[in-house]
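Take a look at the structures below.
Here come two complexes built around subunit A, the first alongside subunit B, the second alongside subunit C.
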Partner chain A sequence: MHIVHNSETPTTTYAILDTGSKQVTLSADYLFDLMLPRLDHMYQSKKNLKIESKGAKYEIGDFLVKIGSVTMSGHYKGILVEVEYLPCVTPALCWSLVREFMQSFMGSCVKPTLPSYLQTRLHDIHTPQDTVQQYVEKFNEFRDGPSFTATQPATPAT
Partner chain B sequence: MALPVNIPHAGETIESALKNQIVPDQEFLLQGSVLDTSLPVVIDRLRGLCDNADIPPETFHDHEVVYILKDFNAPATPGPAGQGVMLRVRRAVDHPELPYQLRYVGYPEIGNYPAVLRNCLDVPVSSNVCEFLQELGAKLDHEFMAKGYIMKKGRIKVTIFKMYKIGAGMSKDNLEAMTMSHLVELSVLTTKTDMTVAEDLRNLADQLKPLVQLERLDYRRLGPP
Partner chain C sequence: MADIRLEVPAENSVLEVLYDGTELYQQPPTMSENLTQLARKIDFATDGEEVTTEEKKEEEEEEEKQPFQQPHWPLEEVRNKVRQALTEMSVLHDLLVIVKQKPPQYMVLDPVHAEPPEQKNYIQFLALKKSLQSAATILLNGAERLRTSQAEMGRPNRTVQDFHIELLRLRQNWRLKKVAKTIIGDLSYRSAGSMFRHTGIFEVSKADEGAGPSAVVGTGSASPISPLPSRGLQSSLRVTVPTELMGSAYIFVCIKKDEEDICSAQLNNCDFVAGDTPWQQKLEKAQNVLFCKELFSQLAREAVKLTPSIPHLVVGNQITATIFPGIHLLVGLCHSDGKNNVRGKPTTGQGPPGTCGPTSNMVGSGSGVSTGTVGGGPTPSKYKHEHDLEHSLHQLLHRVYHHSFQHPLPHPVYAPMGMSKRRRAAGPEGMDKNQWPSEISRRVATRDDIAAVIALYKANHVLREISAQTGVALQVVQNLVKRFCDLGEDELPAPLLKSGRPKLLSPRTLKVISRQVRANPSLTAREVKERNPRLLSHVSLSCVQQALHNDLGFKSFHARRKPLMTKRQKENRVKFCKKYEVWDLETWRSVLWSDEATFSMISLMKDQTLLEQIIRQVQHNFLRLRTMYVIDQLAAEFKDPLIVSHWNAFNSPTQSCVKINIVTQGYDTVLRTKLVIHIFERTLKCICRDGKIMTMSFEPQELRNLILCQISQHNMAALQVLAKYTGWTLLSSEQNIGTGAIEPLGNASTVMLASPSGNKVIGVHSGPHQRVSVYVSSSPRPDFYPSTVVMEQRWEHLGSNWQEVRLDRMEGRNFLNKMELLMAALTA
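== the complex of A and B ==
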């Protein structure tokens, strides 16, 4: 289970349960964090496994760009870039726009193909849950792999 | 240009609240019951005692599903550890737009308190909470409908409701009642540092006598669930 907090939605806790076959994301009030210690006969938190992306947030017209440096238990891991295009809620309608925008300032490290997470959800309405799920996906890559620069081509916001 | 504005994260404020023991996670509870025939009298009395006496009491219609989270493969051991944790999911049938409520209720504290004192935590959650709990390993224990009235007096919450069974072929308006009476509950949420409110609860309960006998129930005498 991953517990995620997003500074855009400061009083919401996202609990993402990954059972291999399927993924369930629960949005809950921040008090959910206080409930977790009460389940300690079944679930215990893994020590020292906290990944954080922290940095500046910029607004350029309709775009929101967050550039965060990712640290895992205090160790620097890399840079994560999140791009949001605010006027649109379905990735299918604005992916090319977002891609072009990202290539304009990040160059060739932006792949022309769609991120795997969005491929199956191209026509769905993008929710804050989708954003945190993409963060978890990227954080897992940071945890497993060596240091590298990854992009987080997110996406329309609601 | 991004301005360096320092906004405290919600987590920091919750952590400091925890440290100072001002998280309202303690609940005082008194329960009693009243026969359906006497219900109007109790409601009239309560309307006079509670706030907003000039408007009719608010009604509610909730569906509650209770899950138990424990290691089902482990041999049964007596005591709280073997019984697992009970998690209650409540949704308002008449207000589908409201978030579901996930509620943790702990075991009653032992001690000489004027009402049942237990640890309690309410968390508003999204509507996929049942699926989430099942994936977590929790098993459905029981479910019921509760329908009744809610009033308040200051910080005290007063509910008068009837419990209904849930089964096949039962619609929202066609429910099978479990008993011929209504349950009356007085409860108040408080913090570890503020126990004075229990007396207010007791006073309100005394004013309902002899219509309703509100007691501090000893759950241990009821036997294991």
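== the complex of A and C ==
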């Protein structure tokens, strides 16, 4: 189980449960954290695992770009770029636009194919939970694989 | 955050100082050395008694004289002492064994008689006496106290109560707190959920001795009538309530029509508070005033914030809202501070007739206006104060309090109290900072704010609380408190000076200029400057212009040049107007919006504000009364079919229901026309038995028309059913007949009936406005004469001319009765 906090939604705590076949996301109030010590018998916290992505947020027209440097327990791991297209809620409608925008300043490291997360959810409405789930996926990649720069598009609306 | 460190100073004594300045410290004792020292201190010889200091000193000296031997291991001393104790114990044991031998062989124990102590009888006697005396004094004190309290209880006219007993009673009802030397209490509704700014603090003090009751002297046989008026219990406790909460207040709610003047209301000294002690009454009244003030301020705030089509008017202590065109709701705060001064009456156009003196024509008053009625006469107000609406307002505010602390179920147990609904939803929904703002906007502290902050600080509030209550930022509060303390806690700190270049024209000058310009709007800036040489000579013309434009807000306009209208344009305009003149209400209702419509997006925080809710209730109330009036009027007017209305016993504040039965007297079983009318806030919905649903507006005429139409249709339908009973055949029935005179509303209907034998035909024509007319024709014609065109005799069987029946000359209670008699008469 992963516990995630997003500074964009300061009052929310996300808990993501990763059972092999599916992923269950819970978004609860911030006070959910106080309940975690009670769940000690079920979930023991791994002390060494704390990944965070910290950085600045930039606004260009309708796009929101958040560039964060990922650190795992104090060790630098890589860079994560989050691009948000504000007017649109469905990935299907604006994926190409977002990809072109990313290619304009990141060049070739943006793959022309859809990221794996969005492939199944192309026509659903993007929620803050989707953002957080994408982050968790990327963090997992950081944790397991070698450090490399990965990009991550997101399309929620305000 | 302060950084605090603990350092143990180097206390080790210096053993030696070398020639190069370094110091050799005595090493602190190691653990084993420490233990040894402690163990040495244990002395098994003493048995815990207090040893006098001289004996201690002797022991210490003895110890010092002994050669100081370092023990080999820490507990050696302890071991030695224990061994000594063992030796002694063994000796004792051996002794006892020898003594206990049955035939005493070696040792015998002889009892030794102790010397009897000296009998100091006298000293014993003195000691006893002293102890008995102390016990006796305690008992006597107690007895004295009991006697005095018993005497107090026994007294019949106990008027002055003890301060502390009163204080106890006060504490049972109100929250009190002791601050420095004063006792202050809280009478606001803050703990119940109110968010009002006023703190509601009252002070409790001892009443003066001189205010006690006058001595009851000489009520013996000299004066048979008691000279004392029956006063209530005088209390030794006095309660000081803030001046703005003194007196009593209530919220005045009334509905008035447009053409009449704005009403005026007087407040009498209605002592509706039921408290037995004077302070309880006073406090309850003050609390009521606070509640009314909060309610009114909330309504006023909403009235200003909301933007309905006809804006609400907030003037002084009065809010006017339009509920229907021509009908206004008036909500006013009537507050009289107990000196017979009515503050904040609603405005007066013309004074009410009768008792009070001339009232001035002020708009919402801050100063008092004496009414001339002293001490409570009845209120001769022109308009009826709606008590149930006032009660609804109170209830709505209570509901607001309730919601600020309580959450509707289901709510999580672990959530803290006091979270708003929005904040509670923010977590699971993942709201970001735009949707859930939490910053307070910055504003400058004014003199009133400073006074409030200092007052709260004096009352020993926590700074954070002060910041929350007054809305001033925490840093500013801290700064103000610091400056206040620096000034010696004497005077209020002045607000900080504003930076920048000071203005050239003082506010007084600006007022002078504005008065002149308002009196004569066509003054130019140059003329203004010339008129006030002494005030404005030191400034330039552009300074005056800027003052007029920016500070005072006088802007100048001139009419725009427009092209003239052509003849064709004029015709088009008239045609447009004429086209929409004839549109009726229904057609207008089909328009959703037109060009330049305004939409107001009220924030999602609350579903409906207090003012909207009360307006809806008032609208419904008014509509219900109007409907009642219309139906009752119609029932009184029409006796022919009776109109019976049953109102629902269970209503909501915004919806009622009435069932109307239209029935002819004596013919209840023939036909009963039923209607149900639902009354909402601005519309009525009528459901007929055959399933037709009609929605009407608030105009009373529409309901009247509807019922008239129903009446006429009832008559026709009942006639048809009656015809079946009497054996007459229905030839034709037409509900909306196209012939005859046009009805102003609805349609006329006709029925044609044939007699059983077929020789008579009755035709009835009825409309909502026209009266019923009945015609009879018989066949064969009595007046048939064959002519050149119509030759044969058989044509006489065509019906004769229609002859009208004079229903008013006929016998019969009502229309159906007359028709029955007619049919009976013609069936022969």
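As a working rule, the second predicted complex is superposed on the first by the 157 of 158 C-alpha atoms of A that agree within 3 Å, B and C clash if a C-alpha of one lies under 4 Å from a C-alpha of the other, contacts with A are read in each partner's own complex, and residues count from 1 in each chain.
In this text, contacts are C-beta pairs under 8 Å (C-beta built on N, C-alpha and C of every residue); 3 or more make two chains touch, one makes a residue touch a chain.
Quick caveat: nothing in here was measured; it's all calculated off a predicted structure.
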Partner chain in contact with A:Leu17 - subunit B first, subunit C second, else both or neither: first
Which of subunit B and subunit C A:Glu137 touches, first, second, both or neither: neither
Subunit B versus subunit C as contact partner of A:Glu8, first or second or both or neither: second
Which partner, subunit B or subunit C, touches more subunit A residues: B
Touched partner set for A:Glu52, first subunit B, second subunit C, both or neither: neither
First, second, both or neither for A:Pro128, with subunit B first and subunit C second: second
Partner chain in contact with A:Leu31 - subunit B first, subunit C second, else both or neither: both
Touching both subunit C and subunit B, counted on subunit A across the two superposed complexes: 10-11, 27-32, 34-35
Subunit C contact footprint on subunit A (complex, rising order): 6, 8-13, 27-32, 34-35, 127-129, 158
Subunit A-facing residues of subunit B, complex: 1-2, 9-11, 14, 18, 23, 25, 69-71, 81, 84-85, 102, 104, 106, 119, 121-126, 128-129, 131-132, 135-137
Partner subunit B, residues of subunit A touching it in the complex: 1, 5, 7, 10-11, 15, 17, 19, 22, 24-35, 38-39, 41-43, 56-58
Footprint of subunit A on subunit C - complex, ascending: 414-416, 423-424, 426-434, 436
